[in-house]
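In the two assemblies presented below, chain A is common to both, partnered first by chain B and then by chain C.
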Partner chain A sequence: MAVSEEAILRSELRWTIVVTGTITVIMVAILYAGIVHHINPPSNIETVDPKTLHLTGEFTEENLGTSIDAGGQITARMVATQFAFQPQCILLPANKRVTLRFASPDVIHGILVTGTNVNTMIVPGYVSQVHTVFTRTGDLLMPCHEYCGLGHSQMWATVRVVPEAEFKPDGSGRALCDAR
Partner chain B sequence: MTHARRLTLAHLWLAFAAFAVACVLGVWQMWARSPLPAPLLTANAYFTSVTAHGVAMAYVLTTFMVMGFGYYVAETALGRPLPFPRIAWLAFLVGILGVAMAVVTIFGGTATVLFTFYPPLTASPWFYIGLVLVVAASWAWCGIMIAAMAGWKRENPGRPVPLAMFATVANAVMWLWTTVGVSAELVFQVIPAAFGWNLGIDVGLSRTLFSWTLHAIVYFWLIPSYIAFYTMAPQAAGGRLYSDTMGRLTFILFLIYSLPVGMHHLFMDPQQSNAFKFLQMSLTALVAAPTLLTVFTITASMEIAGRLRGGRGLFGWIAALPWERPMVLATGLAFFMLWFGGGGGLINMSYGMNAMVHNTSWVTAHFHLIFGGTVVIMYFAIAYAIWPTLTGRTPASLKAQRVQLWLWFIGMMVLTLPWHYLGLQGQWRRVATFNYADPIIAAWGPWVLVSFAGGLILLASAGLFIWNLLEFHRARAVAFSALRPLYAVAVHPPARVPAALNGFALWNVLVLVLMIAAYGYPIAQAFWINAPQAIIHRVDGRG
Partner chain C sequence: MKPADLDDLDRPWRTWASLIIGGMLAFSIVMGFVVIPVVQGYGAGIDPFTAICRAVGLVPGSPSTRQPTSAAKAEPTTQVAWSTQLLRTLSRPTDMGAVVAEGCVACHGQRGIASDPQNPNLAGQSAVAIYKQLHDYKTGSRANDIMTPIAQTLEENQIRAVSVHFAAANRRSLDPTTAEVVDEDIVRLVERGDPARALPACNSCHGFSAGGPIETPTLSHQNREYLARQLRAFRDSSRRNDIYTRMRSVSAKLTDREINRLAEFYATTLQY
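Take a look at the complex of A and B:
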């Protein structure tokens, strides 16, 4: 084969430029999404003690579900535990910025909400937090997506998204699925 | 037969036996996930099966394939006897003992924790110790590979180490780095917990340590396939390797960039900051480089072969390639799957887009395509290429081998394309049974059935593969001289190469620096965040 060493080197240099260009484009796209559209993964590094989760603090039973604070911030809190979520259903308004907060008293779980980009691991010892805006109304499926034991396949919850007008928290600022 | 060849046969038979059994389990798992009623299905049976399938495919098939092939390359590419054969046999026995311990604990029902080590869910300690023994065996292999290369260099001062061996040692060095993370997790956290010596565990730390291993381990599985791309495929096609230097550079880049990137498996985790997730994502983007360089070099090498065989025009050389040779065919099919799999990988690594696919069926489909597809089809091709040199026998016709490779390719496409699609629809992974009464899930049913059909095609291919291997033992004998040499020569074989491209000392320093930068803080933070510990949950009925 009459390919000279110089020709090979030249072709490789050209290809290296193509590769560098491709990788640069990908990086710029990701940077753009992160900085301009605030597409960032859940990374709040906030700890919570799995052993006392149900006894004190924000994840005790009366605090679970959706609540709206004085500033109008809407937050839904859930506990993921072998093999159910508490509560089993959360009620949220469409087209409003909402915060989801999760904790686990036992093993690792995780959630996604079908048809959306809501996704996080739930690691015992830490609080997982996701900000999102739901644009579609209806009952969305929220399964546990990390293997957590033999009952894992039966572990799921419902996210009930209602039009903003129908989202009516009670006097204490709380909104529950079955209260409707 | 030399020691190295007997070692290779023993390792490869163990690898492929585990593979064949695991394929049966894989098909049953897809059946369980489909709307059809699967026999024997309980949650316990499903997760026992997925644990066994994952361990067999990810740890047994791969580790023994890499080791067996490494012994073979060390002897044939260097042209000298394998050093320390007794240690190699001892390591093999330790590895078998480890596999046996894993099998007994998994099927005894005390290790249904799947193949990933994610405490506080904890199996029997003997499950983990068994897998540590498999890793220990692979460490002995790493030592032998490094010693073989050092011995050759002493006898051949100044000469470039043959590419196949250079790549094998790159893999051995990388594997020593790779296993540091999981070993630390097992030895300091998981095994003490499994014995009941610790009641709590820092889960954020254990996930971070496991992630250290989780990406580079994939390259450990992949490198034999890349060695075949660079050395065996151009040779089988009747051509030459376009560039030896590019090959060396590729394997060095794999060594460097496969390690400081594992945190891309933790994008959705709460215990690490965006800063380090972003840093490791950027380094992940750079691992696209060695893959793209390989695509170029191998395509150019194949073009040389095609033109030497009379192919003309822009694409005429492709038709002129000897596709009837299994190694050439497998390389073509592997490249095809690599395009799909690589594209999927770019989505997984993108920091933001990862939220769309994390822990969905997309991920399982992705690694079946790239690992079960691209990597394993090259394992088949390697087996077909080296087996005649191990037994001295080869079947009269290679047709059954070609049919087997095509079936594997078609089966893999049919299995994984719908599986990817379901992941995008939100189907999640690691589930024994879906509630098909739910209207969203009901719509997934037909696609799972297509995947199930793909699984059946794969099973047929796996069966034919084993049959083909047996043919190498019972076919009419052929003379050794009839066998062509296995490794391609470069168009311009280098007479000398710089020391940096002939060894790994410099690169180890660079890896150390990168690992400290990428993982130093994320691991150290566990000691000042002091996250509350999680309570151990043992699945072996003792806790």
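Take a look at the complex of A and C:
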């Protein structure tokens, strides 16, 4: 039984309307997130030499952890190395925009902060950067989620989120957990 | 219908589909790389050109957030930086090695096996590990009353040569009758670590061909007194030439008993 040309056309148009509607909804959602909430894809193309990471300024051992710069921007820097994070705990305030910066001197690692949408790979040669706002206080577990070697399953750190009033950086703008 | 008729029937669909897809692509490029970055950058006080460059991926950072800066000076725990060329020289034996090694025999033994258990055995140790420690003594990253002045007299190529020399020596032979039977929890620490304390297994770095940081020494056939003393030095941070506090943070979590038993395990084990 042959279907008439007109019937095919009607069916195709119906489906075109459905597809166009779906794509429009997705596009509007992306535009809304971008313009109103200032959300971006979590990409950051920034290179760093993994061989000399420990000799450079920013990811030198003493500079790791949370610090506030003159403009009030809160940045936590962390190195993921086989088989530990350094420092093993970072202190951050709740309900404030914070920036997390990670680098690796050896192999590919990855992190996620449980209960949040913070999730990134840490690739040697690049700085991984995430901007976020933590809304829940407490000790959040941050495991390595990219197999990095035999010690991978023991590699985790803590993100200690405290209420804004309890977040008191010292005179040099640095804030550290008690534990190393 | 003839094929030509079908073609006529399809043409408007093809044209419109191409136009719509092309239009959406152009719209997305303009929105994603120009409009949204500029709007976001305006809110964050970032100029439009920088915002567009960040969105495209030409410069680091996000168009909606100021990029953090760091004025920190480098305070390296060690000056050693591994390069392919350096690692290659550490696998090549030279005649110079045996000559330089004559200055080491008094404490480290004729064949790199120390008579005083306070001193480390060098025989069979990885050349990369010996090189890093000598280099660290030379630059002051690690300090020892005897080793610092010795290392300071050595040239870079002498350090490389002597490292390769001792790496090639045969390791201390172990007496099976003195092998310590150690507690189950110590063996577990060596082989599996302790996830609750974020303690990686010792062997994940220190086992033979285990992976992990390249400069990690092998521990079996080492002297127990030396091993225990180094773990304590890391724990109280009197020794701090471990890159990114790898050993300082591990040893800080160990108890006195664990340190003693781990040293005993590695000094006597026949397994590795």
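Everything that follows uses one rule, which is that the second predicted complex is superposed on the first by the 174 of 180 C-alpha atoms of A that agree within 3 Å, B and C clash if a C-alpha of one lies under 4 Å from a C-alpha of the other, contacts with A are read in each partner's own complex, and residues count from 1 in each chain.
The definition used in the following text is that a residue touches a chain if its C-beta (ideal position, glycine included) is under 8 Å from a C-beta of that chain, and two chains touch if they have at least 3 such contacts.
Small disclaimer: the values here were computed from a predicted structure and weren't measured.
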First, second, both or neither for A:Thr81, with chain B first and chain C second: second
Chain B versus chain C as contact partner of A:Arg97, first or second or both or neither: second
Touched partner set for A:Leu150, first chain B, second chain C, both or neither: both
Contacts of A:Lys51 with chain B and chain C, given as first, second, both or neither: both
Touched partner set for A:Thr22, first chain B, second chain C, both or neither: first
Which superposed partner A:Glu6 touches (first chain B, second chain C, both, neither): neither
Touching partner for A:Asp178 - first (chain B), second (chain C), both, neither: neither
Which superposed partner A:Asn40 touches (first chain B, second chain C, both, neither): both
Interface residues of chain A shared between complexes with chain B and chain C: 5, 12, 23, 34, 39-40, 43-46, 51, 82, 106, 127, 129, 149-151, 153
Touching residues on chain B, where the partner in the complex is chain A: 43-44, 46-47, 112-114, 118, 120-121, 202-204, 207, 240, 242-243, 246, 266-274, 277-278, 281-282, 285-286, 288-289, 292-293, 296-297, 300, 304, 307-308, 346, 350-352, 354-356, 358-360, 425-426, 428-434, 438, 440-441, 491-492, 529-535, 537, 539
Complex interface listing, chain A residues touching chain C: 5, 12, 23, 31, 34-35, 38-40, 43-46, 51-52, 54-58, 60-63, 69, 71, 73, 75, 77, 79, 81-84, 86, 88, 97, 99, 101, 105-106, 127, 129, 131, 149-151, 153-157, 180
Chain B-facing residues of chain A, complex: 1, 3, 5, 8, 11-12, 15-16, 18-19, 22-23, 26-27, 29-30, 33-34, 37, 39-51, 82, 104, 106-108, 110, 112-115, 117-129, 141, 143, 145-153
Chain C residues touching chain A - in the complex, by the definition given at the top: 9, 13, 24, 31-32, 36, 39-40, 43-44, 55, 57-66, 68-79, 81-83, 193-195, 198-201, 203-205, 207, 210-213, 243-246, 248-250, 252
